[in-house]
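Below: one structure, written as structure tokens.
Labels A, B, C and D are assigned to the chains in the order they are written; within every chain, residues are numbered from 1.
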Amino acid sequence: MSEIKTLGIPTPEEIKQAQIDFAPRCTSAGRVNDKETQGTVEYILNFARKHSLFVMAYGTGCGAIEIPATMTSRYDAERFGIRGAATPRQADVLLITGYLATKTLKRVIRVYEQMQDPKYVIAFGSCAINGGMYFDSYNTIKALDRYIPVDVYIAGCMPRPESVINGFVKLQELIKNGNAGNGEAYREDLDWYRKNQQKVIKNWDFPDKYNW
Amino acid sequence: MEIIAIILLILLVGSILSFLINRVNKNFTGVTAFLVALASGVVFFTKVQSGYQFNFQLAGLDLQWGLTDYSYYFAYIIFGLSVLALLYSIKYMEGKARLGYYYASFLMTILGMLGVVVSQDFVSLFIFWEIMTWASFLLVIYNSYYKIKTKGIKYMIFSAIGAYAMLTAIVFIRVHYDTLLISEAIAKGAFNFEQYIYIPIFLLLGFGIKAAVMPFHVWAPSAYSKSPMPFTTIFSGAMSKMGIFGIGLVFTTFYLSNDPENFYWVRTILGWLGGITAVMGTIYALIQTDAKKLLAYSSVAQLGYIVVGLSTGTELGVMAALYLAVIHAVFKGALFMVAGAVEKQVGTTDMTKISGLIRKMPWTFFVALVSIIALAGVPPLGGFVGKWLLYEALITESNNYILVVVVFFSSTAAFMYSYRFLFGLFLGQEEKETEHIKEAPVTMIIPMVILAVIAMIAGSYPGLIFEPAAKAMEAIGFQNVSWQMSSLTNIWGDTTDLFLISMMIFAVFIIAFIFLTLKGLKKTRYVGTKDISTSGELPKEWENLTFQIDFFKPFERAAAPLYSMNMNKIWKNLGKNLEAFFGFFRKLYTGNGQTYALFVVIFLVVLLLFKDVIFS
Amino acid sequence: MEGILFKILGAFLTAILAFVVGMFYGGLRRKVTARVQNRVGPPVHQNFLDLMKLQSKRTNIAHGFMGHLAPVWIIIAAITVLMFIPILHGDLWFNNLTMKGDLIFLLYMMVFGSLGMALGAGQTGNPNSAMGVSRGLAQLAGFEIPFMLSLIALMLQFKTTSISELMQVQESGSWIIVQNPFAFIAALLASLGMFRYSPFDIVGAPAELASGPRSEFGGKYLGTMMTGGAVFAFIKLVMYVDLFLGGAGNNNLEGIAGTALGLVELLVKTFLLYMIPVFIGLVSPRFRTEQAIQFFWKWPTFFGLLAIGWALYKNGTF
Amino acid sequence: MVITPVHYIVAPLIAAFAIPLLTKIHKDAARIVPGIVLFYNVVISFFLMNHIAEHGMISETLAGWEAPWGINLVVTPFTGFLATMVSILGFIIWLYGYRFKRTLKGGEVKFYEILQMMMIAGSIGIIITGDIFNMFVFIEIVGISAFSLTAFYRSRDGAEAGFKYLLIGGFASAFLLLGILIIYTQTGTLNMAQIAERMPEVPQQMKIIALVFFLVALGIEAEMFPLNGWAPDAYSQAPSPTSATFAAVVSVAGVYALIRVVFTMFDVEGVNNYLMVMGFVTMLIAEIAAISQKNLKRMLAYSSIGQVGLILISFGIGSNLAVFGALFLMLNHSVIKSLLFMAGSYFIYNTDDKRITALNGIHKKLPIVSFFFALGSLAIIGFPPFSGFWSKFYILISAANEKYIFLIIGILLVTIIELTYYLRVVGRIYFAKEEEGEPASHRPSINALVAMSSLALFIIVIGVYPDLIMPHIQNAADALLDKTNYIQQILSVKN
């Protein structure tokens, strides 16, 4: 029973460890050229990227129920150029809807790695941000950005379609400014991500060499 | 001594020689056979001209050997394919048992085929036909230790039916027209459907069985797929063309010398037989899981096209048939060699067991790709020319409009098995079991590549084949056959410019290829086939993700009525019923002496009773 | 020399026209779909944005040489067919190599791309791709029958296998849709399968097969395929217009004005034609493969046979 | 003339009596003496053939009695051809069987060799005699030898087969005698030439009744359906050289007798059709029976019956070409079927099993014999370029000349049946999964190999170049059909 931690005031060591663990790793700013450094071509391309978002909606949790509403007639996300993609190869945005069990996390990572740069991740709902109501569950992960880089968080449990669209608009802004897309960051910090990933995924069987 | 006799003798001696050499040293058998075939081929093409002939007497019959342009055309197929197949055999057969037997039968088959085309009289034709048949029979049963009863015998029985039908016709030609020379028989109108209808029908039956025409095609798939692969190239590529040779000789000469209006039914029946053969061959090809079997059924289908082409009896149609005869020999020869190479390297051609050989055997794949494109009839390779000629002949010059659709359906469905073949062997997941596979030996690759290159060249310059084909057609009764080097024209004057098309395709290919390759060259990665998007799941090593079983199940379901017509079953039932019937008669021999004595007495009484009826 | 230059320039113009129109039609389809579903929908130029985005992907993945070549086959097929189809009748710019190939050639060339792409899809090793290909080829064997029947009817009725000759026929007489309505019906029904919109879209069913043959292609590969697909959509429409709706450009105006008028005519006709499969697709559920095949072998084939009968009646065979 | 036809008969008879005595001197004499006698027969044959080629046919009267009253022996090109054939085959069969029986006790070898010799000599006698009653006597000689040889092994089955043969053979003798009786009462002569001369005066009814008795009696000898019940058992139970003799010699003699009686003695209409129909029925039923046989020698026996059926058909067609074809086929059948029996008996000898299933993969043990068997199979089916093809071809042409299209189709369909069962056996020999790989216990001895190779050589050489033999057959056919010449020659010969 000692392995299950009870809630309580964290010890200083734990706080220190948490600071290391939660250190900001999404350092897209500065890596991807921002508005000032963008050339004209890149600006135009970003414009296209911004208006054409193929979404790989990874329906991991209850949040998936909001996606149909977002996509269909009532909220019509397609007017922003947002449409579903069937496979990660074609997708630009990975949408993590809801909590992630450790079992699911493995698949999410795999999907994320199979997407092509530039690729964006939207963490959708409280669970994906900090564990939400599953904050003390033994088999869900609490913070998505320890395992894959996240561009936009949409808060709420569940976030309504309006806020989903709001999140996408935010992402579009980031893309326009050249601040979104963390594929390269992920590659560079791979060791750190891998360490975190391996910590929760017990039956680790990914290929040793990560071939982006 | 006559040069033809010398060539045949070279082959005969070579056959015996390779058998004997195998007793001494197994390594030289293949080389000997190859050299013999090459030597006879070289002698043939350098020393023998078309128009050559000589007469002699045997068994009190006037016989004649010689070569017309028509038979010369088929000699190209025979020698071209045989030499390549023997070259291919050297490595393919390495380490197999009974090499002497194999090569001796192989050369005997070549002898038989060559004999068939050089025979200008029916008796030598029949003799060589039978030599060809039994020599090939020996090769058909080479592999099938356990299946002799069902596979080899089936081939032999159908061949015998064909041969004896032919013999009947020959005998009657001799009786009615008092000649055994083919040219005289043609001149006297022996193939006329009006006078003695059984003569041409029996001849067509005899040749048709070799050409695997419905409903006598059932021997072909198993015989083709069970033979050693180098031989199957000959079997399907050249020997089946002997049937086409005969059909062309009988039907076309008859058709040209008579008023077509009266014999519309002949052509319709022949055409439909060809069409149904094509369809049935195709739909059975696409449900096969064994690559060899697939190709075998596909051969049946392709022979169906050729028969359809011949059945039109028009210039374009016969040209289509002759062209297809060559191009089919080329691409199907190459494909059987591909299957053989795979079999040699992997040990099986079962498509459910192997996949993803493209990186292991790139040259083989290249040949397979080119040949399959030619087979499917997609421009700009050689197969398209044949398809074009066939369709245009049917549409513009024949009245069989529905037949066009049947043939077209068959060739559309042929896309399916074409794809299935490439996908099954070369594409798909690269499995761990095939990791160690190497490319086939060079002597196996060379003949394949030569055939593939021919298929490619024929797509842009079909005139190279049209030229001898036109001569051949003039030899069987057409006048002034027109052809162009690299464009096709039908009688309505519509043209297709093949050279232009090839150039166009080539240019676009280069541009698109360069664009795709150069764009993001450094950021484009080539990954293995395990790196696929399977809903985030990581494929395990042992997981077989290749889709191979029931590949065309939806089509099967849709075309279920077509599949219910299984000729094989009908023949099998016939065989069973016959045996039961025979069993009944056999019981007349009871083994009981009293019964036999009773028979004698009864027979005597019956004879005495009916003596006035029987004797007068 | 000048002729060749004009030809090359014309070819480029044709290609650009086909590309632009095809892409816009794709966008229009999405817009129309959205409006029918009571949505605003993406802008008409959405497809251009998608294409740009795909081509601007920084990394790409290919599963091997055939996978790499897959879009090339489509482009080859698209451009080649485009060059052999008369866009505007008798026009200097948009006539390319029209007289150098005939309907049989076009028929075969049109499957070239799909087959090539199928090979690429096969090499990816994704089971979904192979399944999609299997369905696609089976469906091909379905709709090619009525299509071929209708083409044969036209060939028989007008004694030509050349598409330009058929346009010539319509210039002097009435449109073929009037002269042989059954052929048009058969071909139109076949075109539903050709466009692969609902109810015949099981080939690349996104949810079931993860977009089927395309499932492993992204970035520049997918983009190039989209380009080819757009050109192909235009080709099919132009071909139908040429065959049945009298073609375009049959006006007496000279020079640029004639061309412009012809283009407008072409756009109107193709757009109207395009809306037929689009609207049918909007209101239809999805056929399974065998249902699709059986559908094509029933009514469209019946109409195709009727068309042949009609053609024979018209040209006096009986 | 030093050598006369009577040597054919005298030499074996003397030898038959001498052998028991000579055996006392040397125990191998029983084996060697028949060889010498049979070889002497071959020498006689060649001598006589040479003679008739120069001087025309020979008619030798025995004991100074002239033709109509005495017994005469006739060597025409026809009978000479058959006699040559039979004597050569007889010699080859002796050569083959020379060491075959070494395992038996000395006494049995003696009987075997004597009977075998007498059977061959009797067959030659049937062929060359010109007297109908004399023919009856020779038929009895052959018959008694054959009955005894059938039961030679003294096994239960052998005895049964021998008894069956004896029973049916008894019928044959009785009917033959009846026929001869009727003819003698009507014509008052036994010489066949004279009978033929006087035949037009015989009342039609009598003629036909006599013919019927002849047909039934000789039909039994010629293995015609449904009178051939004895044949399969006898063939399969007799020692193998004897089986070969049955096929190659005895059936030839039987067919000869039938043909001689029908063609020369009688002038009845409809008999040709009878031969054709019964020949076809015989062939059809025999081949049908053969396809379901499990015993190799029985299968070969039925196949022999089938071939005889085809010979009868061909004689039934009756034209010169047809008779030519029939004679050619007779020759081929004798040669090929001897080869098949010879090869087949080595299989049985080695496997101790008469069943076809025992032959699986036997070619590894007996490669040369297997090759001969395969060659024989292909030849008897009628594949070119083996000799069987030419005879079949000429028979078909002759049938076609008479427009018997259904007959042709029938013959060819039956050939397909034949092909099926022969190829099944060949397939088993070469391609079935072999049994335990022990080496063959009985490899063919050198004399057997010589015998078989000479037959195989004949098959191939005649197949490639039939002109070697065709003139002789043509002469024989002409001689058979030239009835008036035959009568005149015999009746005019004075000693």
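Details
Going forward, a residue touches a chain if its C-beta (ideal position, glycine included) is under 8 Å from a C-beta of that chain, and two chains touch if they have at least 3 such contacts.
As the structure is a computational prediction, the values presented were derived from the model and not from experiment.
Minimum number of contact steps separating chain A from chain D: 2.
Averaging Cα atoms per chain gives one point for each, and the point farthest from that of chain A is the centre of D.
Across the two interfaces under comparison, A-B and B-D, the one joined by more C-beta contacts turns out to be B-D. Between chain A and chain B, the centres computed from C-alpha atoms are 60 Å apart.
Inter-chain spacing, taken between the CA centroids of chain B and chain D, is 44 Å. Rounded to whole angstrom, the centroid-to-centroid distance between chain B and chain C, based on C-alpha atoms, equals 36 Å. Separating the CA-averaged centres of chain C and chain D is a span of 79 Å. Multi-chain contact residues of chain A, defined as those touching 2 or more other chains: 87-89, 114, 117, 212. The set of chain C residues touching two or more other chains comprises 57-61, 210, 215-216, 219.
Taken residue by residue, chain D touches two or more other chains at no position, since every residue touches fewer.
Applying the touch definition to every pair of chains gives A-B, A-C, B-C, B-D. Within the complex, the chain A residues that touch chain C are 44-45, 47-49, 51-52, 54, 72-73, 76, 78-81, 83-84, 86-92, 114-118, 183, 212. The residues of chain A lying in touch with chain B in their complex are 58, 87-89, 106-108, 110-111, 114, 117, 205-206, 211-212.
In the complex of the two chains, the chain C residues touching chain B come out as 55, 57-66, 68-69, 71-72, 75-76, 79-80, 83, 97, 99-102, 104-105, 108-109, 111-112, 115, 118-119, 122-127, 130-131, 133-135, 137-138, 140-142, 144-145, 148-149, 152, 155-156, 159-162, 165, 210, 215-216, 219-221, 224, 288-291, 293-294, 297, 304-305, 308, 312, 317. By the touch criterion stated above, chain D contacts chain B in their complex at residues 160, 163-164, 167-168, 171, 175, 208-209, 211-213, 215-216, 219-220, 226-227, 229-230, 232-233, 268-271, 273-274, 285, 288-289, 291-292, 378, 383-385, 389-390, 393, 396-397, 399-401, 403, 405, 408-409, 412-413, 415-417, 419-420, 423-424, 427-428, 430-433, 465-467, 470.
On the chain B side of its complex with chain D, the touching residues are 57-60, 123, 126-127, 130-131, 134, 137, 141, 144-146, 148-149, 152-153, 156-157, 160-161, 164-165, 167-168, 171-172, 174-175, 198, 579, 582-583, 585-586, 588-591, 593, 595-597, 599-604, 607-608, 611-612, 614-616.
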